[in-house]
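Should a chain be cited, it is by its letter among A, B, C, D, E, F, G and H, assigned in written order, with residues numbered from 1 in that chain.
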Amino acid sequence: MIDLQKGRLGVDEAVERLRILPYEDLGFAKIDHQRQLRRGFPEVIFCPGKTVAQITAIIDRLAATGGTVLATRAGENIYDAVKNKYPQAEYNRTARTLVIRAVEEPQPVGLVVVISAGTADLPVAEEAAVTAELMGSRVERLFDVGVAGIHRLFDSWEVISKARSIVVAAGMEGALASVVGGLVACPVIAVPTSVGYGANFKGLAPLLTMLNSCATGVSVVNIDNGYGAGYTAALINRTGDDKNR
Amino acid sequence: MIDLQKGRLGVDEAVERLRILPYEDLGFAKIDHQRQLRRGFPEVIFCPGKTVAQITAIIDRLAATGGTVLATRAGENIYDAVKNKYPQAEYNRTARTLVIRAVEEPQPVGLVVVISAGTADLPVAEEAAVTAELMGSRVERLFDVGVAGIHRLFDSWEVISKARSIVVAAGMEGALASVVGGLVACPVIAVPTSVGYGANFKGLAPLLTMLNSCATGVSVVNIDNGYGAGYTAALINRTGDDKNR
Amino acid sequence: MIDLQKGRLGVDEAVERLRILPYEDLGFAKIDHQRQLRRGFPEVIFCPGKTVAQITAIIDRLAATGGTVLATRAGENIYDAVKNKYPQAEYNRTARTLVIRAVEEPQPVGLVVVISAGTADLPVAEEAAVTAELMGSRVERLFDVGVAGIHRLFDSWEVISKARSIVVAAGMEGALASVVGGLVACPVIAVPTSVGYGANFKGLAPLLTMLNSCATGVSVVNIDNGYGAGYTAALINRTGDDKNR
Amino acid sequence: MIDLQKGRLGVDEAVERLRILPYEDLGFAKIDHQRQLRRGFPEVIFCPGKTVAQITAIIDRLAATGGTVLATRAGENIYDAVKNKYPQAEYNRTARTLVIRAVEEPQPVGLVVVISAGTADLPVAEEAAVTAELMGSRVERLFDVGVAGIHRLFDSWEVISKARSIVVAAGMEGALASVVGGLVACPVIAVPTSVGYGANFKGLAPLLTMLNSCATGVSVVNIDNGYGAGYTAALINRTGDDKNR
Amino acid sequence: MIDLQKGRLGVDEAVERLRILPYEDLGFAKIDHQRQLRRGFPEVIFCPGKTVAQITAIIDRLAATGGTVLATRAGENIYDAVKNKYPQAEYNRTARTLVIRAVEEPQPVGLVVVISAGTADLPVAEEAAVTAELMGSRVERLFDVGVAGIHRLFDSWEVISKARSIVVAAGMEGALASVVGGLVACPVIAVPTSVGYGANFKGLAPLLTMLNSCATGVSVVNIDNGYGAGYTAALINRTGDDKNR
Amino acid sequence: MIDLQKGRLGVDEAVERLRILPYEDLGFAKIDHQRQLRRGFPEVIFCPGKTVAQITAIIDRLAATGGTVLATRAGENIYDAVKNKYPQAEYNRTARTLVIRAVEEPQPVGLVVVISAGTADLPVAEEAAVTAELMGSRVERLFDVGVAGIHRLFDSWEVISKARSIVVAAGMEGALASVVGGLVACPVIAVPTSVGYGANFKGLAPLLTMLNSCATGVSVVNIDNGYGAGYTAALINRTGDDKNR
Amino acid sequence: MIDLQKGRLGVDEAVERLRILPYEDLGFAKIDHQRQLRRGFPEVIFCPGKTVAQITAIIDRLAATGGTVLATRAGENIYDAVKNKYPQAEYNRTARTLVIRAVEEPQPVGLVVVISAGTADLPVAEEAAVTAELMGSRVERLFDVGVAGIHRLFDSWEVISKARSIVVAAGMEGALASVVGGLVACPVIAVPTSVGYGANFKGLAPLLTMLNSCATGVSVVNIDNGYGAGYTAALINRTGDDKNR
Amino acid sequence: MIDLQKGRLGVDEAVERLRILPYEDLGFAKIDHQRQLRRGFPEVIFCPGKTVAQITAIIDRLAATGGTVLATRAGENIYDAVKNKYPQAEYNRTARTLVIRAVEEPQPVGLVVVISAGTADLPVAEEAAVTAELMGSRVERLFDVGVAGIHRLFDSWEVISKARSIVVAAGMEGALASVVGGLVACPVIAVPTSVGYGANFKGLAPLLTMLNSCATGVSVVNIDNGYGAGYTAALINRTGDDKNR
């Protein structure tokens, strides 16, 4: 609870709001408008399994609050369905993200570095980068630096060494997370991707690699979950600026 | 590279040291004395698969540098083998950790909260707590607050809401990580434990639960890896004090 | 054996009927007309793997008996194939169920609460709700109350606390089943859904979560099997009205 | 919430108690004394992973409330540690349960039938039976009636047909759950056991069998979890007597 | 080696033929014309992964020898490609088999019973039946007799009890194989099908069920492999007529 | 039903006996004395998970009928417990089988060949051989002929080619089953063993190998299930002598 | 480092080049032009997950260096996109490879034999053959010689016995790798293919078979990874000509 | 066939010997004395699953031929059983190998480098080194150079770059194989070890990592199979000296 922690609200008052502040009930969905208050970022729309009508209805409700709207795994048809009504909407084809920015955007702070092992990992890496930026982080992208040509990584040493947190997106065997993790002193968020030959088993191989990393300080999110990686990296990055903690 | 980032060393000089600073070669092991410099914490001894003679030899070398010595998954026989030589050694039976503290210990800063779902998860939770403390974090323990009696968690709301990072250790189905993750604004490091009935599959069930958490901001380390969870939580906690970043 | 247990038939007579009462043999299918007698609900048509011609032939035979007809996982083409002949047929696009109601429908009794974690879990939750209603249960739906915003669940406490049995449909990590199970005193039927990112492994993650629930009183049905969950919940609900037991 | 539902407490009052009523904090454990009120049965001690000292401390606290004490997966050493202090304690070697009965025991009601496929499944089946009895159910045991000699099952038809709920414990391939489920009208709780040859994979085979049962009304608990099966069966059985629902 | 075993060829002569008798080399395939001699049935064409041109080329070569041609998993396009050239070709849409019969067909002998649990298992069951018939077995089909309505199975007791070997094709949980196996004295070939809800895992569940069958005399072939089941059943059936063995 | 099929009993009479003929109820076990009649071989005792007292009680009951007694996976302690009472008992240390032969033993007929790939597969292979012999088959053993030295197999060609059925026991990768299956015309029963390095995964590797065999006519039993393999092979072997079928 | 090892460059100079020699940064990809120098073969384009625009941009950059261009898993649309610009491009429909040969091609040396078990394994086998040829190996293809008709393999003994390294591509159960491995003295690279029935589990079965091979000297690459198998086989083949090693 | 390939034997003569040269039949084992001739190294004894008596009998037979005897996974009890009879026997406690050297040992040639990631991987790495040495390779060991401190690897660049083949033994996540593979031009044999925390799953994690390596030229052997890795590396190393190939 961001505000809580800064002392603007007492704990009791917050718990009370936790009961009272209404979410918005659309029948098929209950929008958690209180999430910005409680967790520091509004509810995000994960599109798969939802109809276009459901998604646009949720977007309308979130946009009405004036906060940031983020839809992930959004097909281009979602963008087509909203771009007239929200001309300020931004669609990122690689990341498959739809964004409607809040009126008052924070100044980017700190540094999150997003690293990808190969070109095919870009959709996941880009989703992480978009998410971290939207949450107020300065982001540097470093793509296609897999361990088969590890000198490409060393060449970017300067930017890597300045990061407060790092996202590593890698498919195949995902070894890049261990190599990066062994070199840096900040937390590494590893996100396995489902890119690879048969025994990649849709991301299982890099998932296990990253969980078993011999380099400490590496923690892992779900396969292809660029959004979750970017979110966690941005949370960590924010810790460096939260002087009240 | 902690020192690097504070500007005390230039990047080029550091890369040079990366090549020159000798690790210590014991034949069966190459001790990475440079790790303190590069990653901010010395090399840690993971005991399984090593003989007592190998472990005590590595302890001797690390202790000789005057830095902190941490051995994890250490049987009591390891403690017996070193306690005469190092009377200051501390052995934690629950966490199975052996510690020889550095001469100059840092003042604990920030707050890491370590939460366990059940009594049987204590060895993992305690290993996380010991590690985070050793790395300079103030640590609060909150044990046996699993979701089967979720009011026990809400009762500790005040301490939870002040954390810079949280470790959640849980076996069985591991749902506690999602519940905590849905309530707080700081990063949650989830560590699945191998505690449970048959279909727990030695920790696979809570591992999958935590990776699939619907609460964003939760990242995961290996099954029973309390050390890794505590290390990552302490890294994040430290970000809040690193004013140069 | 519903009727049996109410004393209307002797056991011996029933066993005899078990041998004598003919099922109807269509060659590719043997319709178990006796199932209503033996199990309290007629045979249900699981559509996948059957041709439209096979399905409509079975519907014709079941409808001819005057009992309830329920086809699950029915594509809209099945509805198109029968709606002229059975204008009273009802097709539920979300649940993918086709229903032709029996002439004499029972009065709904008791209370089954069907809870879903997210909007994408609706097809499974709705299939459960339709099934339980068809079997004579009063049903309340409570959708999109996942643990990432757990206050939405607490807000519906009143209806939850009155249930005789509860269905919880959840994908991702499926933690909702444990949270609900830890709060209520009635049986919870958990149904994992195949909704989620990569390491959901098509429902394996919430399946394991639910099987390992630390909250006792939770039992589990197959992935995405809303029909089975609704059926079991309705059986339990009925127990409360079966005064002869 | 048993009492709640009978109108003796208002919902608001109950929620308040949910916050106020203290659990008992032993440091390594937080005993949920409120569970009897909330869920209708006191907290149960799952012994694996706890030390004897921890277990006896929890038993002392639970016994002091005068309610039923149940410890599952209890080695005989647990019994030895408490039998002098609690001469009324009962230890069941097959079920590995330790019981200290409440002063006022309920009169057994209804009927739960516990069926096992083979002799090696007895520990699990017996744990289910002990649990259901302790929760106030009349229990009939029907052991060693696996499908390799299915006539043994038919011979007990009369008792089976009178059950309000049935537990089926089976290892090997677990087919018995489907056969029983196809014959009866009451809910069947299937519990897979880890008994069998190699490809049983420690209970995975019967677990999958039971989850995929073609007989509706079968729900499943964790491998070897006789306690959970007996608990759920007793909850269902109790529904038949709860006239206020 | 059928002929060998009947004494028409000496072993040495056969080994010599094993080296000398040429297979036919098409470049992309080496047709094993000797298989009829060695194994008692000609090479069969498994269509998936082969182009139409490759399949028709192999059919031409096999047909030229005057023996039986059997193509399994054949799409209707394969039939369209050969029906003008081979007007005697038979295509079975359910079994997806294409057959060109040998000029001299054997008289059917013995009895193989092919049983399926549900209507959706028909393609696999029918493939088994077609194969066994083609190999000279008399075949009876018994479809849709799954354990959810087990009386349908008992009703066909007479034909079952006369079989020399039985094929059981079942998806879902595959319990039918154990029930049949527990009743009969002849070998049962169980073939799991990939029919079912999520935790069927494309046939893994019935595969494990059948491998773990508590009924001895049940052996198992690959998921959906009706051809292999029918082939093995026919081999066993033939043993009863092979008076020289 | 052996006797049935030979016309000595009418079907109706048999079904009646199926209901009437009592099994023997020991409480913890229900001995299926009727199994000899129904399936052609008496009930067999699978020892794991049973106490010595339970096993000897079952042996006493089975021995009292004068039929063959077979206990599998029997530790030497079982033999010690019965050898004084049954001096004719035979214990096979390799196969871990305990046998008390029936008074009237059948004359061995036909030929079952039991082949093992390596020396470590002997316990499984020997269990198969003992079982098949006990069921009246003439058995030839052919041990340690794995494909790493395939000429050892070809050298025994003469005996292999005379078999009515063949058991192949193999661990590691289990390729021997395919090689044998590709050479012979009789059914092959493949039994995977749990012998091998890490990725053998306790028999999973040869299990999958055998299920996927490119050689038709190979069917598979459970990992390490020598008893099941020998039983099935003997059933097939018997088909060749059952002139009434 | 090929050149290094021949003494043309000193180690220090090479390490320096490792830092200095620039890769080419396209933003979405960083082309490792130095790979030819370091590893003896230029970077290869794995097409899945890359857009056509990305692939053609990389081809342009690689072609500009005058070295060999190899794109694997290339759809025909890739060929269509480049064939006008590079009329010398060769597209292999079976192997799905696109090749633009270097101006100076090496003379083929040694012998790599590529063996496939069935016709459906051709795409993988052909990809291996194309790769090995491109790397300067003389290659012989031996297709459709699976163990179901093992005499076809023995017939090609002469060419097999001359190989310096052998690739075996096999789906189904993959037993061919063990049979070949048991006969030859050179290293065997086994590549499992995803060809087969259900329990092949998309190549898992032959993967495990090959890893567990009882024939020493067999090592394994990823499922369907013909490129990796051909590459490794060519590396081994080259060792025989590298007189300076 | 080593000798064959050097032209000393004609192919026909060799095939003849393949049939005629007798292996030695001990009943429980058939010793393949011809393996030295056919594959270039004598049969090796894999001890697990064999009795001490069986092992010593095989050692006697192999020693009698005057060739090298190698027993792997040998407990110290095996050494105790033979050391009096064979005082020249060498037992390596780390590698668990027992060796009796041939009278005429070859001069070591070429260079195999054996690299291990951690101290706990030593038993596997040492087994590989012992095997490769015994087969005539010069071997360099490079232990404890895991990617968590990757500068330790770069420091040994000179010896790595001279290898004809490299063995990489690594547990945890096994990333070292990819890093080494991306730097060198010779084949890398990767051997995963079962060292690590829970989600290592007894070596599954590094196994998948190595199979999915983004660095080409890496092939994989079974988990903990140091013998197989060393054997393959030695075969490759030997290719460089086999001037007739």
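Simple rule for what comes next: contacts are C-beta pairs under 8 Å (C-beta built on N, C-alpha and C of every residue); 3 or more make two chains touch, one makes a residue touch a chain.
Predicted model only: the values in this text are computed from it and were never measured.
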Shared interface partners, meaning chains that touch chain D and chain E: C, F
With contacts counted as defined, which of the two, B-C or C-E, has more C-beta pairs across the interface? B-C
CA centroids of chain F and chain G: separation to the nearest Å works out as 46
Using mean CA coordinates as chain centres, what's the gap between chain D and chain F in Å? 37
Return the distance between the CA-based centres of chain A and chain B, expressed in whole Å. 25
Among all residues of chain G, which ones touch two or more of the remaining chains? 118, 148-149, 182-183, 196-197, 199-200, 204, 207, 211-212, 216, 222-223, 228
Output every touching chain pair, sorted by label. A-B, A-C, A-G, A-H, B-C, B-D, B-H, C-D, C-E, D-E, D-F, E-F, E-G, F-G, F-H, G-H
Parts of chain A lying in touch with chain B, wherever the complex brings them together: 1-2, 4-5, 11, 15, 38-41, 44, 110-111, 157-158, 161-162, 164-165, 182-187, 189, 207, 211-212, 216-223, 227-229, 231-232, 235-237, 239-240, 242, 245
Using the touch definition from the top, list the residues of chain F that touch chain H in their complex. 118-122, 143-145, 148-149, 151-152, 154-155, 195-200
List the residues on chain A that touch chain H in their complex, please. 117-118, 146-150, 172-175, 178-179, 181-183, 196-197, 199-201, 204-206, 208-216
With touch defined as at the start, can you tell me which chain E residues reach chain G in the complex? 18-19, 23, 27-30, 32, 34-35, 43, 46, 48-50, 54, 192, 194, 202-204, 207, 222-225, 228
